[in-house]
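In what follows, chain A forms one complex with chain B and a second complex with chain C.
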Partner chain A sequence: MKLWYSFTKELKLSSKGFYFYIEILMAVIIITVLLVFIPENIKNISDEYLMLDMPAAVEEQFISPLLSQDLDGEIEIVALELDKEMMDVRLIESEDQRIYLIDNRDNLIALSKKDRPSASAYISGDDISKLTYEYYIQGYESERLQNLYMIIHIEDIMTIANLASNQKVVALDADYDHLNSRESALPALLTFNGSMMGLFIIAAYIFLDRQQGIIKAYAITASRVWQYLMSQVLVLMTVTTLTTFAILLAVMGFKANYLMVILLLLPSAFFFSSLGLWVASFFTNLTQAFGAIYFLMMAFMLPAIAYFIPSWEPLWIKFLPTYYLIQGFKESIIDNGDMGFVLLASGIYLGVGIITFLLANSRFEKTLTA
Partner chain B sequence: MIKVNGLSHSYNKDGKYAVKDVSFEVKEGEVFGFLGPSGAGKSTTQNILTGLLKLQEGEVTVAGYDVKHIKNEMFNRIGMSFEQSNVYSKMTAKENLDFYRKLFDVETKEPQFLLDLVGLGDKGNIKAGEFSKGMKHRLTFARSMINNPTLWFLDEPTTGLDPSIAADIKDIIKAENKKGVTVFLTTHNMYIADELCDRVAFIVDGDIKLIDSPKNLKMQYGDKLVEVEYIKDGETINESLSTIEENDKKKLQDIIGQSDIQTMHTKEATLEEIFIKGTGRGLI
Partner chain C sequence: MLKKMFTIFRRDAKVNTREFLTAYIMLAPVIFAIAINLIAPGINDTTVNLALVKGDDEQMVAYLEDFAKVDVFKDVAALEKRVGRRDDVFAIVPDGDDYYVLQQGNEVEGLEQYATMMLTFYQEGMRIEDSTAIIHSFDRTVPPLKKLLVNIFMMFSAIMGGMLIAINIIEEKEDRTIRAINLTPISRTAYIFAKSVIGITLPLYGSVVLVVFTGFRGIDWGQMMVLIVVSTLISILVGFTEGLKNETVMDAAGSVKMLFLPMAGAVAVAEMVGEKWQWVAYWVPFYWTYKGVDSVLTYNANWGTTLLYALFVVIISIVAYLILMPGIRKGLE
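Moving on to the complex of A and B:
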């Protein structure tokens, strides 16, 4: 009962406090950004600059399959700017690609340097099956892409295309749904909103109480230190649940699996709040603790980069606890997501959370009133 | 009620002791004053007695509980009023008391009764954050009584209060003590100690220099003096004369017989003077 009294009191106090409104504001910002600025489906249109140095008949052969995908089936003449002068170039535009055909090699190189298109090539030859490709790259392309450029033309391009089209692709889980662009942003944002804010805010709550000497008064009662700490954790878990559900409802309606979300959310919020407590136990005020908390928050944000850029996923990133939270949120909100993964992650967060809380409690019993 | 034997505490465990080998005993129903200047070790001792600091060395029993292995039940029996007010500023005075009474397993006092007692009866629904310093101090004081403590720790209970409220607080302490409550009073205010305490301990540099009743200390260390102001040959003269020493006694008789006395009163040594005499240190 004392835990309940402490929890309701802390909840009431936090609702009158500054940090509670930071969490609410964060949720409002996330909802606004997702609904107003991020479209449901972001079209990724790439630009390519090509110069075709080949007889007209071969060029026609080369262009023909590209033109078949053009939006209106016709080549357009557009102007590109180079050295403050406009030059006419041909454009073939499909749904996901704009191919500019440039007539001069020097201009191709200069425009590639200036505009940094996703691909730039000088293609020459008298026979469509024996063309020579000279790629101009920017220098930051991945080694994988550079290797691909080197091997892609070893075989006849049509042979590769035929091989690719004859390849049988079987989906292991045909029911696995896809998230749209807006929904895809949710796992990383939910992780940031809930758990990582919790890490910072619980430390702020503790330092505020310590500064006001309230903890000393609490320590001279027949209540235990762990009840005080747990009441703070419960407040964070409650606020995190409320803001997470608000964001999910606004963005996804009732599409997400809310049972799985809460099964993941509560243990993870418990773990991150306990971690915040443990870190706070080493410092006497928020200013001192800020460096450590900031470092942790930055480190914990790195899995979000791996989430948005799947090609960058070093092994060490899997040791960061937010990695599994982001993946877990994704599985929770996607139709037919991997519930086994969510349950396993929840169990691990709960287990590690209990250990972290016990460690924090042990530290606070020695230092809370100092 | 309190037994302390060989208590030592070092904050950094580096051999520098905030209190060193302190021993004393507080009897049930007694008002015990723990007096000393800032940094003398008063708060350290009190924090150990109340479980706010871990006991490092020595044996300490509080209200029958071994402080080395504090049991939660101990806190049902003790109350503490802090020098620095520490109440929830965003809660009303009544809400503050209501919350704290739920944290004890014993019968508690009604918040309104306590607020009336400390003169905040009509301020119960005002947020503590809007209180003046003195009002917050009274609320902190009231909160320390909520669980009907049998052992009451008071840290500078009248600091920052105006004289009439300070007098009320002293009356409350006296009344509670009459009911059998043991009081452990930490202060550097010798006047309140003199007025309230059955016994006092003088602590300096973590070491208890003297323990006795104020009366005995005055008998032992105080001089019995008469201060007299008189006019002789048109000149006003002030003198302090001993009522024990023969020469002074004779001089006083002469002054009374031959001079025009303006004022004359006996002067008893104050606890502060005894503290300085007994410890060789001032109170600041």
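Moving on to the complex of A and C:
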């Protein structure tokens, strides 16, 4: 009862504060950015610079299959800039690739050095089946990628591509859905907007109350310190839930699994807020705590890299709590998401959250009223 | 006047040193640089991740290791378990005399083509030694992702510098020392500048340390310093506006949070959005510092574009200052 009273009182107080409206404004901005400025499907278009040094008939044989993929089936003349001069080059543009045909080798090298296209090659020969490829790479490409460049033209590329496309591919889960560009941004955005910032915000809350002497006043009330701390956590959880749901509803409509979202959101917000409390308990004001919180926030951002680059996922990244939140949000909004993973993540957040809260409480009981 | 301003800076530095903040400020960029150095090569070192059955075809494992990161597992069940995990790993599974590629189903679209191609190379007996291709390298060793991380961390430092100014001001307000400046010989402008010094130090020092420790020592330091200095204008504006407008650190923390969105948006627009939509981020100063720093880190920058980008940041900051000036003045009264 006392907890409920503290919680509703804190909620009323924060709803009158500037911070509450910043959170709402932030949600509105995120929704606007996602819906207005981010296209549903951002195509990753790669650029290739090629120079074809071969008889016209062979060149035609080379270009013909590329041209069949071109958006309008015709070569376009466009200008590329080099040393403040514009030069005309031929362009073959498909849905996911722009191939620029450059007529001079020196220009090819200079442009490749300047523009860093995803591939650049000087291709020569009199026979389409015996062409020689000279690649220009930046130098940071992995040895494995360089080996791919070396081997890919040993046999006729079209034959190899056909053989590769006839390989049997089996999916463990054929119903797995893919998120569009807008939806893909959500797990990382929701993690940073809500739960992770909760860590920072709750610390600010505590320091504010400490400064205003509110916390000391608890020593002479019937309320316990844990009830005060929990009421702060509950306020943060409420604000996070409201803004997360607003963003999800606006972007995903009813496509997301809101049961999974809430199962993940509440324990994770509880954990991050408790962590914020625990960290705050070691300091007397926000300036002191700033370094530690800044550090944690930077570290907690790293799992976003693994989320956007799935081929990179070292073991250590799984020890960062935001990893499970980002991946859990992804499972919650994708069709046929993995409920087992979300439940496991929720359980871990709840368990570790309770321990962290108890630790924070024991530290605050010793220090707050001192 | 300078002496008085230095006294204010010294006071800020003293207060922050006492509270261990300086130690964090000094150490954080070094630690982040080490982290970036450790992370970046790992992200860049493979094309695709493959999983194979141990002892099934040792030759195939050795062959594929030239093209992909390969892990071996004791049986097909273990392969399935591995593929079923969250990251993108494809298994090449024995199927009688043949093989098939096993995927989870949620991988990045088109990535499975790497696995099918590599399997085809092996089955067709293609060998790197038979290649007539030649590779010429421009000998650049810094992967693009490393550059991206350094750039983002530099912008983050600018925001945090602003946050530090804001916290310092709010604490002055709470201690009721801010009004006292009216009774001292220092002018308001000088006070503003002096209070900014500690917040400028964070991005200045942080950016330089980060750039040096991540191995970008050969860049044009003149151009980089111009961009770092103009990015501190953002720190000052943010810090003063948030510090003077807000009554509590709580509100300031919430407001600064909002700055992460244009920062992330500017990077996203510069990196992922087509030319015709770039104007969307023109109003964000971070967009110009990001583009400028990116050119410097890629050793592509020239003084003309660097100064132009810096000028855009200065113009945006002046416009923002003119809009925010009444609030700042009021806050100081």
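What we mean here is this: the second predicted complex is superposed on the first by the 356 of 370 C-alpha atoms of A that agree within 3 Å, B and C clash if a C-alpha of one lies under 4 Å from a C-alpha of the other, contacts with A are read in each partner's own complex, and residues count from 1 in each chain.
Throughout what follows, a residue touches a chain if its C-beta (ideal position, glycine included) is under 8 Å from a C-beta of that chain, and two chains touch if they have at least 3 such contacts.
Since the structure is predicted, the reported quantities are computational estimates derived from the model, not experimental observations.
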{"item": "Chain A as common anchor, with chain B and chain C clashing or fitting", "value": "fit"}
{"item": "Partner chain(s) touched by A:Y258 [first = chain B, second = chain C, both, neither]", "value": "neither"}
{"item": "Contacts of A:K366 with chain B and chain C, given as first, second, both or neither", "value": "first"}
{"item": "Contacts of A:F245 with chain B and chain C, given as first, second, both or neither", "value": "neither"}
{"item": "Chain B versus chain C as contact partner of A:W226, first or second or both or neither", "value": "neither"}
{"item": "First, second, both or neither for A:Y136, with chain B first and chain C second", "value": "second"}
{"item": "Touched partner set for A:Y19, first chain B, second chain C, both or neither", "value": "second"}
{"item": "Minimum distance between Cα atoms of chain B and chain C in the superposition (Å)", "value": "13"}
{"item": "Shared chain A contacts, counted only where both chain B and chain C touch the same residue", "value": "17"}
{"item": "For the chain A and chain C complex, residues of the former touching the latter", "value": "17-19, 22-23, 25-26, 29-30, 33, 37-38, 42, 44, 112-114, 116, 132-140, 142, 144-155, 160-161, 163-165, 167-178, 192-193, 197, 200-201, 204-205, 207-208, 211, 283, 285-288, 290-292, 294-295, 298, 302, 305-306, 309-314, 327, 334, 341"}
{"item": "Chain A contact footprint on chain B (complex, rising order)", "value": "47, 50-54, 72-73, 75-76, 78-80, 82, 84-91, 99-100, 102-106, 140, 143, 147"}
{"item": "Chain A residues within the chain B interface of the complex", "value": "1-2, 5-6, 9, 12-13, 16-17, 212-214, 216-224, 366, 369-370"}
{"item": "Chain A-facing residues of chain C, complex", "value": "15-16, 19-21, 23-25, 28, 31-32, 35, 39, 42-49, 66-69, 80, 83-84, 86-88, 93, 95, 98-109, 111-113, 116-117, 119-121, 123-124, 126-128, 130-145, 153, 156, 160, 163-164, 167-168, 171, 174, 246-255, 257-258, 260-261, 265, 268-269, 272-273, 277, 280, 298, 300"}
